[in-house]
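Residue numbering begins at 1 within each chain, and the chains themselves are lettered A, B, C and D in the order written.
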Amino acid sequence: MAGGIVEKPASAQVVHPTVHYLNATKGFKNWLVTLDHKRIAMMYLCAVSFALLLGGFWAIVLRTELLAPHDDVILSNAWYNKAFTLHGAVMVFLFIIPGIPASLGNFILPMQLGAKDLALPRVNLFSWYLYVMGLILFVGILVLGGLDTGWTLYPPYSVGGGSEHKAVWLNLIFAYTAVFILGFSSILTGLNFIATMHKLRPKDMGMYDMPLFLWALYATSLIQVLATPVVGLTLGLSLIEHLFNIGIFDPRYGGDPVLYQHFFWFYSHPAVYIMVLPAMGVQSELIATFSRKHVFGYKAIAWSSIAIAAIGFIVWGHHMFVSGQSPAAGIIFSLLTYFVAIPSAIKVFNWVATLYKGAIDFKAPMIYALAFMYLFGIGGLTGLFLASIANNVHLHDTYFVIAHFHMVMVGSVLTGFLGGVHYWWPKMTGRMYNETLGRIAAVMVFIGFNVTFMPQFVAGTRGMPRRYANYLDEFTTFHQVSTIGAYILGAAVLLQVGYLLHSLIKGRKAPPNPWGAASLEWQATSPPDFHNFLEKPITMGAYDFENWEYVSEEAGYVLKREVIETGKSLVKAH
Amino acid sequence: MMADLALGNFAGLPLAQQAGGSFWFPPQASDVAAGVDFTYDLILWLCIVFFIGICGATLYFMVKYRKRPGHKEEATSTHNTRLELAWSIIPLALLMVVFGVSTYWYLRIVTPPSDNVREVEVTAKQWNWTFTYRGDGLPAGKSYMVVGELHLVRDEAYQMVMTTPQNDVIHSMFIPAFRVKQDCVPGRYNKLWFRAIKAPQDDGLEYYDLFCTEYCGNDHSLMLARVFVHDTKAEWAAAVIEAADIGRLDPVDRGKSIYDQNCKSCHTVNGDPSTGPSWKGMWGREEEMADGTKLTIDENYVRESVLQPGAKIVKGFPNAMTPFTWGDQTDVAIEGIVAYMKTLKD
Amino acid sequence: MSLPYATEEPSVVQGHVVHEEHEGLPGTIGHVSSWKSLVKVLSALIFLTVLTVAVAQLDLGRLNVVGALGIACVKASIVALWFMHLRYDKRFNFWIFISSVAFVAWMVGYILFDSTLYQHNIKEYRETHEITAPKIHEHDGGEGHESGE
Amino acid sequence: MSTSVAEQETSQEALPQRPKQLAMHFDTLHQQFTTGKLAMWLFLGQELLFFTGLFTAYAVYRGNHQEMFHYAHYFLDWKLGAANTIVLLTSSLTAAWSVRCAQLEQRKGLLITLALTFLCAGAFMCIKYIEYTHKIHIGAVWGSNFGVPLNEFPEHLREKYPDLTPEQLQQMGTGSFFAIYFCMTGLHGIHVLVGMALYVWLFIRALRGSFNRKYYGAVDNIALYWHIVDIIWIFLFPLLYLIG
């Protein structure tokens, strides 16, 4: 062991850089006008984490309200409706959709390509500002007294139908504008990513040499570019409908509310894949790295991401089986929906196969990855019940749906996000988090999820409708157990915030490659230089773990000497 | 009739005690319920097999290949086309079977029988359900409106002709025991049919629940109704006639109920003007009319405004109200409205 | 020293000789259209505009829509292929365009398909109910055509 | 192989070819150009989908209200629409020509074509303004605000359907047609305005002589944007003005 340190390879010479992207220039202003993708990513990370805490706060509030069937535990009906609207809207538009791509993707994508920045740095900064404007508008909605339309903003309720006439309602105008703006932020991020992956790859890295995280981001970006404009237009039209009563969606003026639902889900179903695909990408990285195995069925995983993105566009009507959509359209959508299950299943099988004969290291990110497997398994499989059109009629808009999409959108996306944040934390901040606390929090998240959402499946099949501030006595036990689970989840998130912030000050300095991962970003220092790499990284397969050897906890993994001398991966063919 | 696939009945658990049925579901009270539950169980067992496979393998690998001193990873092949094709095609084939079964039952749910279907008009409003019954043993030429109670005869097919006023919002009718659901969308008719083969009393229940499952505003969670299933047509007719008789309510409750159903969308009771003037404090007050005359809001004014809303309009409000009548119960209804308005005097 | 990133030399990636036309300056990036071809394209577009107006004057029933859309598609293709250089551009850009158009067609087509199927629900309702929009906004008050109910 | 940052920077400075327009993270102007163009095409794909919602609304309302669309289209003056089509097509030509001028480094030609494109766009908006004010004046507007008195009916409509009354038109929901008309042409008009602003910006940059045969991405990409605006109009014109 000691010998290894004496003969340190050249690339390990700079273990802890004194000048790096975080302190290359100083001052608040330099951050706000930065074009550096890493800084923009960190600003995104702060903003989406704030959104996560804000959305989580509302989740805890509404779960508390549901402790008792009839009484207003802490909220009136009106405020309960606002709570679930804000929870949904903040989580969907401000956290889950931009969460992984805009923060982790922004940071990691150029680095995994060995590039210096994203293709369009100004556009990147602009999209961050758009995001922040959206965030501010949502905070504005809160200040103005909330919004109670549900995150789906269905007309005619949202545009002012019903007994609570709202001639012109500022909160709603804010919401439409916010989602519109956030949509454009998302589109710009997406097209930036695609352009970067096509044009800034090193000469000797083909598409099939990219880490699977990038394939996932590629598929995500395709959806962002092609689906998001539709929701932009839809909410724009709704805004005009609300202000001028043009009669496209509002039946009072001859409009058709079902048309809105078509438009909305044309985006919002693919949006589910905007949420989950990046998490699947993180998952591929974590599983491979922490079992030290080349990922099994690389091409299948890569193309299944694209397949999910493509099929995602043709299944939106399964949100509308009982909305007044025609039965013929419903049956076709049901059939198409089953096709999404196949690429998702392929991914899961391949991840399991990757573990085979590996050396599985239960670091915190890996615990998240394993939790992902289980939670996504449940989330995905329960999707089959909802794809089945006969069952969907019964299950639509019940707690079964709530439990299903939380298992996917939160069970999978949140574990993917947290797994990714822990995995890349050393790279992004140059500090190690407390591993023990990390593991405890990961296990708490896993338990919290199950306790929260498992009872909801049964409540749903027994007929508990969603968005109910009051419920029948028979559902009391389900709700109370669920609320306890939400508290566990909340505690886990707070614990994470605590030890992650603590690590920034007191954490051990991170080596360039603490995990022995093989994608290019680990050849940079932790945290990386302003230009990302001090020297051109050696292009190698993203899962060629053989090129790295373990030195010590202090120095992490370093590249083997042959690799540095030849400048080539030890693994011949990919 | 259905193969017994259901996961055992956990009726012993406190979770499932109150509403009857199995662990997963409320009672199977319509003729499609058993089929829908069969589809559910079919998928459930498929899922259980796959889930145990995935999680079992994961757990096994987690233990067997955990990182420990002396254990090192071994390179294995990085892909296997045959294996990958197998685990794509087999699930797809299974899913197509599920699709077939599911679609069969869905078509049963959406296709009403060609004859002998009784119609019930359903009006969904914020936040109550009104069911209108006609004919079929009820006195000819009369219609009976019942709020919040759906009455059916066992083994008869019923078609709900559902609508929502144009200035209202989307609602959705959901009867868990029948496994059916359909949105009520303003500006169109939607239809939903079902046949009850079981009555709530068979399971020791008083009624089946009917929920609104499309979020519709403040009291969405209170927009419930009760479904009663009668054994004979005669019992049914008697129950409908009794339920429709608003005279049995005391005047204030009657007025409140009428207000909730018909007036709420344009008149508040908290003092805020809406499309029409608020009823709070209106009774007995002197109001200026659109034509400049002044008059006191009394019984005559209320009666006239209900029957001919355009006759005298309070200044500052549009002429936007449609006339209301309640058949031979109009007088009783207006008596109720007056009684209710009196309670809002201050 | 080799450049660290993929650099696509025009002649390699575009699959055909770019600087065929003598007027292109040496080292120009991309395809230079001759002014004659541009003018030809415009003439074709104007001709098609006249044609579509002429066709619209005839009463062909449903064929009017087909004709108008067909001519519009031809015009759009001409603009895309020549004015937007898609003919000479990278294949990938072409595919972006085509796949967007495919998604456009899918969305329009499917929603139209569904809406015609459920339309009878609306028609039945409209036969017995008028659109009775209450005028609740101040800005359209006092316009004179306020019928009330 | 291992060089320090300082060495790398000096070696890059030593390369005479690295032009000042080349951003830090690109290697050649060609790479920078094609990257920008790829991003622009993605953006155009996005634009198409952005308009799709309105085209869908059009298809749905037209598909289910044939008659109403037939009557309503008489309210649009196809002559003005055709004039606008010609104006916009011409501007497309000048936009394409401006790319050619930039490629050939014909500064004067570039300035002229950019200015012409801007002027055509301006002419388009003027005609649009005339159309809009007329429609708003006679009450041919959106939703339930629609209400055109009989004396404002276009001649052709009155000749062909002498029995048609304003109330009938209102009843059949002609407001929906005008909602769609104003939304589609309005959104298109906003795009034209954005294009005009972009052409002013290009003109200023061209005045400063910013563009050359290897660096004209902005001219090319904005022309691409301008062509897509044209393509949208190519569809709007027959759909709204011609077929009834």
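Simple rule for what comes next: a residue touches a chain if its C-beta (ideal position, glycine included) is under 8 Å from a C-beta of that chain, and two chains touch if they have at least 3 such contacts.
Quick caveat: nothing in here was measured; it's all calculated off a predicted structure.
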Just list the two chains that share the greatest number of C-beta contact pairs.
A-B
Chain whose Cα mean lies nearest the overall Cα mean:
A
Looking at CA centres, what chain is most distant from chain D?
B
So, in whole Å, the Cα centroid of chain B is separated from that of chain D by 47
Distance from the mean Cα position of chain C to that of chain B, given in whole angstrom:
44
Roughly how far is chain A from chain D, going centre to centre by Cα mean, in whole Å?
35
Per the C-alpha centroid definition, the whole-Å distance linking chain A and chain C comes out as 34
Among all residues of chain A, those touching at least two other chains are 115, 165, 198-200, 226, 230, 245, 247, 252-256, 258-259, 262-263, 324
Note: chain B residues in touch with at least two other chains are 166-167, 187-188, 190, 275
Among the residues of chain D, pick out those that touch two or more other chains and give their numbers.
31, 34, 38, 42, 45-46, 49, 52, 56, 60, 143-145, 173
Each pair of chains that touch: what are they?
A-B, A-C, A-D, B-C, C-D
Name, in rising order, each residue of chain D that touches chain A in their complex.
1-5, 8, 23-25, 31, 34-36, 38-39, 42-43, 45-47, 49-54, 56-57, 60-61, 142-145, 173, 175-176, 179-180, 182-183, 187
Residues of chain A defined as touching chain D within the complex:
10-11, 110, 115-121, 123, 187, 190-192, 194-195, 198-200, 225-230, 232-234, 237, 240, 244-248, 250, 252-256, 259, 262-263, 529, 531, 534-535, 567
In the complex with chain B, residue positions of chain C that touch it:
118, 121-122, 124-126, 129, 131-136, 146, 148-149
Spell out the residues on chain B that touch chain C in their complex, using ranges where they run on.
163, 166-167, 187-191, 275, 310, 318-322
Any idea which chain B residues touch chain A in the complex?
14-19, 21, 23-26, 32, 35-36, 39-40, 43-44, 46-47, 50-51, 54-55, 57-58, 61-62, 65-67, 71-76, 78-80, 83-84, 87-88, 91-92, 95-96, 98-99, 101-107, 109-110, 126, 166-170, 172, 174, 176-177, 179-183, 185-188, 190, 209, 211-222, 264-266, 274-275
